[in-house]
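For reference, the structure I am asking about is given below.
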Amino acid sequence: MQGGSRRLKIFDWSRRKSPWAFHLNTGSCNNCDIEIVDVLTPRFDVERFGILLQGSPRHADVLLVTGPVTRQVLPRLKRVYEQVPKPNVVVAVGTCATSTGCYEGSYNIVGPVDRVIPVDVFVPGCPPRPQAIIDGVVAALEKFKVERSD
Amino acid sequence: MLPLTANSLVHTLSNIAPLVEKLRSVLGDRFQKYSTRNERRAYVYIRKEGIRECVRVLFDQFGARLSTISAVDRNFKFDVLYHFTIDQDGLVASICVSTPKQTASLDSVTDIVPAANWIEREIQELLGIKFVGHPTPGKLLTSDDWPEDEYPLRRIG
Amino acid sequence: MKTAKLRIIAEVLRSLASRAYTLKYPRVASPAPQGFRGKLEYDIEKCTGCAACVQNCPAAALKSISNGDRRTIEVWYGKCIYCGRCEEVCPERAITLTTAYSLVTGRKEEIKSSVQLEINRCLRCGKPVATARQIDKVRLQVKDLVLPEDYDAYLSSLCFDCRKTVQAGLLLAGRI
Amino acid sequence: MSVEATLPIGPYHPALKEPEFFKLFLDGEKVVDVAIRLGYTHRGIEYLAERKTYNEIPFLVERICGICSNVHPMCFCQAVEEAWGLQVPDRARYIRTIIGELERIHSHLLWAGVAAHIIGYDTLFMHFWKHREPVCELFEVLTGNRQNYAMNCIGGVRRDIDPTKHKALILQTLSQIRPSLLRLEKAVTEDPVVRARIENVGVLSKDQARKLCVVGPVARASGLAIDVRKDEPYAAYKEVGVDVKVLTEGDVLSRMLVRLLEALESIEIVKRGLDAIPPGPIRLEPKEIVPGDGIGKVEAPRGEDIHYVRSNGTDIPERVKIRAPSYMNVPSIAPQIIGSSLADASLIIAAVDPCFCCTERIALVNVKTNRESSVDFESLAQSWRRKSKHS
């Protein structure tokens, strides 16, 4: 979490009430990606909480990262992270994003996501249940609140 | 349907026999040997100089589909298997060639079978087998900063 | 063709008329079904510390750390791929994959769980041999075999090298 | 051929095994050439597979692709079983078939939803995904997870299908989604707007399809009657039978129809499989590791998947070669996309089903002014949607 502490309360409130998310695949097998789309579809429908998946990192409050970071993706991940306006939260979805899972030791894997960018919440699971992804986003949004009380 | 039998036993297969005969006559002394594993798997061993003719016969005359090409690192040489599927018979004919590791190169078949384009590029990238005459060699899978002369799937030795 | 557009409208109306399809998840709990492969748990009573799970884990999420008199079998949920291979290979049935699925955390190093077991040392040279439970289990398995009287008590508490030495000594002395 | 501008699409293209980076060369609105670069999610699975034991690899290859998570382990296990000369128990073969077909239903519905999203018909997208959800929930009960089923092992399967409880649940789910699927199929095929958007778009001729060796629904929509389930019956397909759906037009509409018809056929296959499933063991413990090589072939939802395994007698394979179906299908985008308009590009890319999910990052480069600006996926999607409205 970065950003000034003298922000207006209403910004944090609105961020919590309608967080916009950007989803980034850094080399995952797409399982977690499907589950992220799944939480947007009728069964889980996170638009109930105002969560909207955005097409551009410039619009995002929440960055959902899936997959181990591959060598080719590494510079792009850094660039996308720089593009996300601060303050933001980063959620690493899935075991690969948390710890590279079963891909550890490959020549093309750099490491888990938190080796490259700061991560606020980890959601382990292979893939995590959509319910766990919702829990992860909710836990991440708490970070906006915590910072304000500082 | 023939029962499953042990390795390297030649099955009397009606659908593979004409193919093998044709390859034998086209390739001449470049044809080495032929074996089957079961009623759906045939392995034809040829010298690498004959690969283009062989692919042309399979693809143009027998309507075979190139499934994939597998390359195996055998320490001093590479075994390269061209897996062709003949769908009507449910048969996989694998054309096996080998090339020494020091000067690993094969003739590209991309102009005969366009589908070989990516498969050959991948092998060139991961194992370092040069495909002579490939129209668009270049990086496909490894990252932009991957060193040119390093091949991840090659064993040391 | 004109009716085609009505079809999706009918589908929408059908959805409107039916019960709400969306789960009220965070408000209403949504438990995983029986047989879900979730967070793995050890039965501390049953585990002998044989490390079969450690050897078979495809993701190397399990670790066995032997440190002097203690062996720790540790699982890191951040690396676990929830395949259930450990549950399958455990000879003691000490591992179960529970239906707990929400392992959300801010500190990934903290989501670990472990079993600690005592390691027996060789009575002769003091080298660590195996966990006390493993030795007990082997003793239980061979209890029907006819062994020399002092074999059970002494020999089975020695390390591999010492056991060979002692056995050779016994042989030379004509005891067995 | 004058190239006015290039338009790179990707790399954040959450495609399954192979996320792609497309560089479109444009002349006005017309696409004149395309260059494709892979490697963004290249994880070196073949390299890892040569360093893991046979028991661990099914779990590794399962994670090649999230949607084909039964196909790859099944294919790998078949290759190893062929190399070692193992005969899988009958019940295991049926269970593999049932899980494989359920996976096909969920995969085709997922694709249909994504395609609907791309043509700007989000209502349909939501409905397709709504009716896909029961299949995922079924998997959760049958296999223990919604994806990554971990069902296959060398010599059989790891979990049994309960003949009473599970069977009833499967039949109930299928009878629930079948009428919805029929309704949605009509909503797609009879809707003039949808037809105008996908008919005669991205045509791949039979000759091109053969030259590029495409597989699966892409090949079957272009008139090539190839299906591994029929041509080389594995698992229990010989007993349960498959009706291969073939269309000849080769456009996006045919691909959509082939997939929807296949999903309906899969429902029937699962029912037939459940009726015929014999009792007995589900797993065979391999006795020894035989040196030799084996080829496994499976009809994935996207087409033929092939694994080549060479065993050298140790517990680690000497070589595992994996070729996923999209690897053959993605190059076929080039002949389809060249000559089409930019607005159709995303639909054509998606129509070969490299599993085009939801977000992409697109950078727009205008060659003439050499000015680079970042365009997000949604705004480009807007232009596609505008086209939908006009047609």
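Lettered A, B, C and D in written order, each chain numbered from 1.
The rule we apply is simple: a contact is a pair of C-beta atoms (placed from the backbone, for glycine too) under 8 Å apart; a residue touches a chain by one contact, two chains touch by 3 or more.
All figures in this text were calculated on a predicted structure; none of them were measured in a lab.
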Any chance you could check whether A-C or A-D wins on number of contacting C-beta pairs? A-D
How many angstrom lie between the CA centroids of chain A and chain C, rounded to a whole number? 31
Interchain centroid distance [CA atoms averaged], chain A/chain B, Å: 44
Between chain A and chain D, the Cα-mean centres are separated in Å by 26
Overlap residues in chain A, where contacts from two or more other chains coincide: 42-43, 70, 72, 101-102, 107-108, 126, 129
In chain C, residues with contacts to at least two other chains: 21, 32, 58-59, 81-83
Listing for chain B: what residues touch at least two other chains? 142-143, 152
Chain pairs in touch? A-B, A-C, A-D, B-D, C-D
The chain B residues in contact with chain D across the complex are 4, 6-7, 37-38, 40-41, 63, 65-68, 70-73, 81, 83, 85, 87-92, 94, 113-115, 117-119, 126, 139-143, 152-153
Note which residues of chain A are touching chain B in the complex, please. 70-72, 74, 107-108
Which part of chain C faces chain D closely enough to touch in the complex? 1, 3-5, 7-8, 10-12, 15, 21, 32-37, 56-59, 81-85, 88, 97
Of chain A, residues touching chain D in the complex: 22-38, 40-43, 53-59, 67-68, 70, 72-73, 76, 80, 101-103, 105-109, 126-127, 129-130
Residue numbers of chain D touching chain A in their complex, please. 11-12, 14-17, 19, 39-45, 47-48, 51, 56, 59-60, 63-67, 69, 110, 113, 125-126, 129-130, 133, 136, 145-148, 355, 357-361, 374, 376-379, 381
